[in-house]
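Next up: some structures, all given as structure tokens.
The two complexes that follow have chain A in common; it is paired with chain B in the first and with chain C in the second.
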Partner chain A sequence: MSVLNKTTAPEGHVERKAEATKSDKAVAGVSHVVLILWSVIVVLPLLWTFMSSFKSSSDIFASPFGLPTVWHFDNYSRAWQTAHIGEYFGNSVLVVGVSLVLVMLLGAMSAYVLARFKFWGNRFLYIMMLAGNTFPIFLAMVPLFKILQNIGILGTYQAMIATYTSFALAFTVFFLHSFFRNLPGEIAEAAAIDGAGEWRTFFQIMLPMARPGLASVAIFNFLGLWNQFLIPVTINASGPKVLSQGLFSYAQQMGYAVDFGALFAAVTVTVLPVLVVYIIFQRQLQGSVSQGTSR
Partner chain B sequence: MTQPVSGTTKGGGQAAAAPRRRKKLTWDKVSFMLVFLGVPFVLYIIFVISPFIQAFIYSFTNWSGFSPKYDFVGLSNYVRIFQDNLFLKALGNNILLLVVVPLVTIVLSLALAVVVTVGGSSKGQVKGLKGSGFYRVVSFFPYTIPAIAIGIMWGQIYDPSNGLLNGLLRAVGLSGFKDYPWLGDSRTAMLASMFVIIWGFVGFYMVLFIAGIKGIPAELYEAARIDGAGRLRTAMNITIPMIRDNIQTAYVYLGIVALDAFVYMAALFPNAGGPENSTLVMAQQLFFTAFQRGQFGVATAMGVVMAVATLGFSGLVFLVNRLTGGKDQELV
Partner chain C sequence: MATVTYDNATRLYPGTNKPAVDKLNIQIEDGEFLVLVGPSGCGKSTSLRMLAGLEDVNSGRILIGDRDVTDVPPKDRDIAMVFQNYALYPHMSVADNMGFALKIAGVPKEERLARVREAAKLLDLEQYLDRKPKALSGGQRQRVAMGRAIVRNPQVFLMDEPLSNLDAKLRVQTRTQIASLTRRLGVTTVYVTHDQTEAMTMGDRVAVLKDGLLQQIDTPRKLYDRPANVFVAGFIGSPAMNLLELPEADGGVKFGGTIYPVAREVLAEAHGSTVTLGVRPEDLETVAAGEGLQVEADVVEELGADAYVYGHTTLDGKEHTIVARVDGRRPPMKGDTIWVRPQQGHVHLFDTKTGERLGD
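Our next item is the complex of A and B:
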């Protein structure tokens, strides 16, 4: 095919389709090799983990490759029940779910007011919000532990939800601030003229208009909170474990012991749901990354 | 305070010139502002701002975290941690991570992003490579995986006898690596850990850079082409300068990751610190000092040192970007 292309039309080619020159082909070839290599480096560990999650420990010891001699689906039931991964999964869904709804609501509320209303102290509040984003979280963890203890909610769902919500606020406000700022003002004005109060204007007009921005932030908040490790390990040591924390303590308990199949199953259970959701929604997510960077 | 009539205070039909007129303060508006700012900021101040402020204060005390009493001890916590060999070792390891991880991650993800976006034909429209969507999606996988799962997974991959890595090496005939403990040998433990972190972030920054590169006007590339610039020159003189702010952002975030690295090290090394403490990081020391030794004062001082290091690094990145001509883009 390449030969044909090259011989037919050096000049005066009717179709304005660009042709690939020799160097183009070489570059494209090298590019593909590099990209395929990286893709393999990314995918191979995941496939290997997935495959190993169906093996017995003796299969794993026998060879790191190869299909399982017997498919041990029971690895999953042991991971789910004996290792309590199911319970941790449920805790994560609850904590992350509630925190996500709260942070999106509260974040949108304060971002909206900060972005669209002029009042004394506005700038100060906005900068205070941003400041929380610049300090590393671990600095706050030790005093936070104490604060939660003093309030009397250390080790409860409420403590986790309050902490997750608060720490995700800064990013949410920062992102939505510019989003609300760029929404056209006329519609809100029209609503005001029609007699809608501030509350109605926000919930029935501005919030729905901000949906694309909200979706992007929600995706990133979800990933950030679902994958959060430092917060639960420090302030939730005695509380109902979330998935990342539970997976860690399970791996720790195992040490060098026996049940590798179940460990791989536990990792797979942790990895797979989010990965599948990502693959389904990857188009929207890629869009979010570009939105997030364009400011 | 409240005016009885809104809007039409100035007689005449002049419809609002300013987009945001001064409105009367109604109950609707007051309650709206109070709730919309009050609730989020109360939460934020209690759970985020006040712990940060308290951390600074506690770092000057001998607080144990358990007794309600504590005394101010001046700078002695700071003196103490800078005489603590273990903490200094951890600091050194974090600096090592800081030097290697952001640089390698950014170079790698930038190279992949450039290849994906402008690797296509050198004639006609500036085009990406065929199948670039596939590579982008696959490369992004690790970002969706919790860091703790990444760490545990790689801990198994590096396993001396049953791990994927040594299995592969044996399969290609490198029998010297039979049973080689990647994470158990102080010469390789740090490198192996760095690779895990890099593996986890390359895809995300690749996608970020791709988004940045797509925002570059195509005319710039076409002009460069007409001037006879090759691919490498185009990448160096157009692509990288145009997305330097994205690169700056990436550098700052990866620096924060490298100065933390807690989750990766915790997952990869069940015995904290790894062989000869070659992978011990400050956050681990902080964690043990606070929650196992009960020295909250000392631990918060460590936290402050980490915060200062992080802010200092971010400042340095901004400074370098500014000094090398960021913002006012000089295009060739």
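Our next item is the complex of A and C:
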């Protein structure tokens, strides 16, 4: 009996170990299948759109999943010119570009001050920034519209840029705050002794040190603002259209005579910059997310 | 260069009642290497940071040369500082790190490069000038931090535990390098450390601080031979001095079975009927059984030439630990009983109540 016990005990142990690896494998297998399915769901429509952007409308209906019979590159020129996608693209680049520069500059400066200086009301301001992150944008739309109307800049680039900048500021400050907080104070002191004033310390020492954080936030902000739809549709109805808004109105205008080839071309033009940014900065985005959570 | 004067300098952190540095008075000579030493929280770093201008002075003054710098911002004090973690600018090359202060000061590029190269040569950093700090070893980073200070040719060097991040061997090496370098440059240096060996080996003079109060400032030799109070006596020296509270007896103090003779005038200074007798481990001699103090050896550390006996003794019902240096060739065994007595003329007497030194 005792002999039996002795022999079974280690066996049982080994078996349990084998079981654990088996279940590990099962979890890994299932999660991979799920992830692959998800990727397919996301990637296929993108590919389909891209492929269809080279087809004529009749071709799309004749063989929805086939390769184009004739490559209609003219879809793109039609979208770019007659559908004004080119113009909207320019507007988007201008509005998002200027907003991005402004929000990074202002956001980094506010985050730096909030993170590294002690003054009365510091905590309050930071909490306001946090609250800004949680405030639903839908509630802000009507007052925002009124304010811009009263100032008299409704439907201008300035209005869009100001709105985008303030919209992205809360997140930017929140994100960079922890970054600046974690930079060693000794280095700022070394700069002070080396003769650098506050401005020089910020721009030449602290800002370069926060570069990884700045890059991640800039990418996040770019993606968020480029894809922004609600804000332009609400406050920019009368102004120079940005891409997402222009695309929407283009699809609407066509009514029942849809030029699907050109529409898909327009969609591709809209999505492409986002895709490119994602692909180039993949690592940065992943890294920043994990950094943000671990700190 | 310049002298440095702390004139009743006091630092009170907001929200505390007890000053971190309390009425500090130190006069540092031109070209002197002064070490501030003490246990953590004694105010040594705060004192240094006050001199750097990184910490406010709540009352009193700080002078560099004849100039009152109490309210002068750090950049206008003409000082350079080496930080514990070096505080190198991670995105700049070694050369840019070293030349940053000169660049801000508007020194022309060529002169700047020449000065950087000169300092790099002095510190053996020439081949690393284009590297970023993260591509350097700890010792090299430390030298870059030194270089950044040297390049500026300041009136005063401030060093805040610059060796504490180096491994033991490198620390000893760098210790001598820093000491000889600052002497060669002839720049007044204030150096903060918690390591009394560093303090003793590097300083022209050493200031011992405790709880924000200056305990004693003197040459390393004097500090060792004539500690001003019980704290300094126990802090300086390794292994630490034995401090025993002993009753006065006729013509001296009772040291176990013997009476250690002390002049009547000295004993008269003491408050109360006991005095604290301090004797360094190397000043205890072993004697025949029954004479002096009986010590049970708990641990024996054999260092080759010498051996240290860590033991305990009971005096008036209280147990004391005793460290004695004995002949390394004939050390006692653990558990043995030895008898020790201080060598004549090598004891320090302190007032038990105030902790101050009695006699001289």
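Going forward, the second predicted complex is superposed on the first by the 258 of 295 C-alpha atoms of A that agree within 3 Å, B and C clash if a C-alpha of one lies under 4 Å from a C-alpha of the other, contacts with A are read in each partner's own complex, and residues count from 1 in each chain.
Keep in mind that, in the parts below, a residue touches a chain if its C-beta (ideal position, glycine included) is under 8 Å from a C-beta of that chain, and two chains touch if they have at least 3 such contacts.
Keep in mind that this is a model prediction, so the values were computed, not measured.
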Chain B versus chain C as contact partner of A:195, first or second or both or neither
second
Quick check on the superposed pair: does A:187 touch chain B, chain C, both, or neither? Answer first, second, both or neither.
second
When both partners are placed on the shared chain, which of chain B and chain C touches more of chain A:
B
In the overlay, answer first, second, both or neither for which of chain B and chain C A:123 touches.
neither
Could you list which residues of chain A make contact with chain B in one structure and with chain C in the other?
189, 197
What residues of chain C sit close enough to touch chain A in their complex?
52-54, 73-75, 79-81, 83-85, 87-91, 100-101, 104-105, 148, 152
Note which residues of chain A are touching chain B in the complex, please.
16-21, 23-24, 27-28, 31-32, 34-35, 38-39, 41-46, 48-49, 52, 60-61, 63-65, 106-107, 109-110, 112-114, 117-119, 125, 128-129, 131-132, 134-136, 138-147, 162-163, 165-167, 169-170, 173, 185, 189, 197-199, 202, 223, 226-227, 229-230, 233-234, 237, 243-245, 247-248, 251-252, 255, 260, 263-264, 267, 270-271, 274-275, 278-279, 282, 285-286, 289-290, 293-294
Okay, in this complex, where on chain B does chain A touch?
16, 19-20, 26, 28-29, 31-33, 35-37, 39-41, 43-44, 46-52, 54-55, 58, 65, 111-112, 115-116, 119-125, 127, 129-131, 134-149, 152-157, 161-164, 166-167, 171, 199, 202-204, 207-208, 211-212, 214-215, 231, 246, 249, 256, 259-260, 262-263, 266-267, 270, 283, 286-287, 290-291, 296, 299-300, 303-304, 306-307, 310-311, 314
What does chain A use to touch chain C in their complex?
184, 186-187, 189-197, 200, 205, 208-209, 211
